[in-house]
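Dropping the structure in here first, questions after.
Letters A, B, C and D mark the chains in the order given here, with residues in each chain numbered from 1 onward.
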Amino acid sequence: MRELLPDRKAELVNSFSNQGLMKTFNATLERVDHGHIEISMPYSDAVSQQHKFFHGGGIGALADSACGYAAISQLQDGEASLTAEYKINFLSPADGERLIAVGRVLKAGRTLIVCQGDVFVEKEGQRKLCATMLMTMCVVKNLSHK
Amino acid sequence: MRELLPDRKAELVNSFSNQGLMKTFNATLERVDHGHIEISMPYSDAVSQQHKFFHGGGIGALADSACGYAAISQLQDGEASLTAEYKINFLSPADGERLIAVGRVLKAGRTLIVCQGDVFVEKEGQRKLCATMLMTMCVVKNLSHK
Amino acid sequence: MRELLPDRKAELVNSFSNQGLMKTFNATLERVDHGHIEISMPYSDAVSQQHKFFHGGGIGALADSACGYAAISQLQDGEASLTAEYKINFLSPADGERLIAVGRVLKAGRTLIVCQGDVFVEKEGQRKLCATMLMTMCVVKNLSHK
Amino acid sequence: MRELLPDRKAELVNSFSNQGLMKTFNATLERVDHGHIEISMPYSDAVSQQHKFFHGGGIGALADSACGYAAISQLQDGEASLTAEYKINFLSPADGERLIAVGRVLKAGRTLIVCQGDVFVEKEGQRKLCATMLMTMCVVKNLSHK
């Protein structure tokens, strides 16, 4: 795994800190590497569905961010990216204290970057895969991702 | 379009009010019919991405809820449902004051309910389609959706 | 609905006739309009699964072609396109004599074209929706689609 | 990796041989294990698109079959399964002599089985990942998969 250049990493960390939704989620960037991003969020009622599990839409949003920043970590200078689409399958109820979304680049083309996201839920020290995502980013030239 | 029975409607409205994420989003149930649900949310920094548009993950979460309640509106007594998966395509930047997610049931089977979601963004009185979703709910017998 | 220019239409029909898989399926272009394509295929054992229904993979392939040509019908001169991804939900068993896939452009951007596909099965004169697709094409400059 | 019971394996091999579409594709079951299936198909004009690569719809159909049989390999006696939906991302042009689709079960629940499919293309002895799939099977009690 290649490490990111310090400038690139600072830029990405700054972009993350400007995502209001990630602040609302109390989400934390746990790992920032070239094509590999991990983001965690604690459970709270603010991100729940009606059964007091994590809301599926919140799980999707966290995985979307992890995949998105994995793609951003591989952009060239002057490039930005937009989410084209994503698809998520829920594998287990997200019942626990914390979610960890792992986003990785599967294929970085000139125009499209395809990422895979895995979301784990932690409960009493056990980590369990609860969702998996395929996601496509579109590389654009004219939009800052800062 | 069939109207829901008053009991069923009250139950659904109550379930929605227990979704912490929808509260966090300041989301409102705009329409509750048999197989057709509309949910809106205002723009705020709390649901933004780094460019001050609505976060794609938040758009997905809103559409997921609209589709989910469209499915729930067609359940039989004693049935509940869980999100199996969803897929969303982003069609335009979600730049505006308000989102409206429209969830409709495409096909309600005994075990699976397939829904379609359309998300519109409103800006200065204009409404524009900004995302579309396909979503699958799994009907279960042993989980309350209240 | 705008009609295609005669040249463009001839080019598209020619491209379709060069798709070996569509020949294998005995598929027919039923309608070619700007952003709207219909393709049919008859049932035969050659496209079946083990229960003598249409194979889900064949249904996906037909919808993929309908969506792909819907996108191609809206390309500019000198542009070509590649399938980025698709997602299909199966709504009813594809038990019948004929499939008709309808592909339509939902949104044509400069880089991405998002299409929706609906697949109908015909049995004894009745037409039933059996599958629905969301599909993304990527516009490229350097590949002929002829 | 657990091996399948001989009876179960024979049943699955028999089901595969009854899929007309797999015969049309000259597809071969390369590996049959508990939750892990590999299917190959040679290139021919019969499965091509207009550029003489493998047709994306054919790639999807092969991956769908590999995922489907991976799910079937884990069914209990008296159970059958139906494809609910799949989503495929194309990563590289499928330019080569042979495709190999690898289907694996990610999560087998009582009602839903979620599978992952990877499709490789072989060209002059080199194997390259060209597509990846997420796919959901629905377990049913009343339909033979033989």
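One rule holds in what follows: a residue touches a chain if its C-beta (ideal position, glycine included) is under 8 Å from a C-beta of that chain, and two chains touch if they have at least 3 such contacts.
Please read these numbers as outputs of a predicted model, since none were measured by experiment.
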item	value
Furthest chain, CA centroid comparison against chain A	C
Interface with more contacting C-beta pairs, comparing A-D to B-D	A-D
Chain A-chain D separation of Cα centroids, rounded to whole Å	29
Whole-Å gap between the CA centroids of chain A and chain B	22
Separation of chain B from chain D, taking each centre as the mean of its C-alpha atoms, in whole Å	33
Residues of chain A touching at least two other chains	84-85, 87, 89, 114, 134, 136
Touching residues (chain side chain B, partner chain D) in the complex	84-85, 87, 111-112, 114, 134, 136, 138, 140
Residues of chain C touching chain B in the complex	87, 89, 91-92, 106-107, 114, 116, 129, 132, 134, 136
In the complex, chain D residues that touch chain C	15-16, 18-21, 23-24, 44-51, 55-58, 60-65, 68, 82-90, 93, 143-146
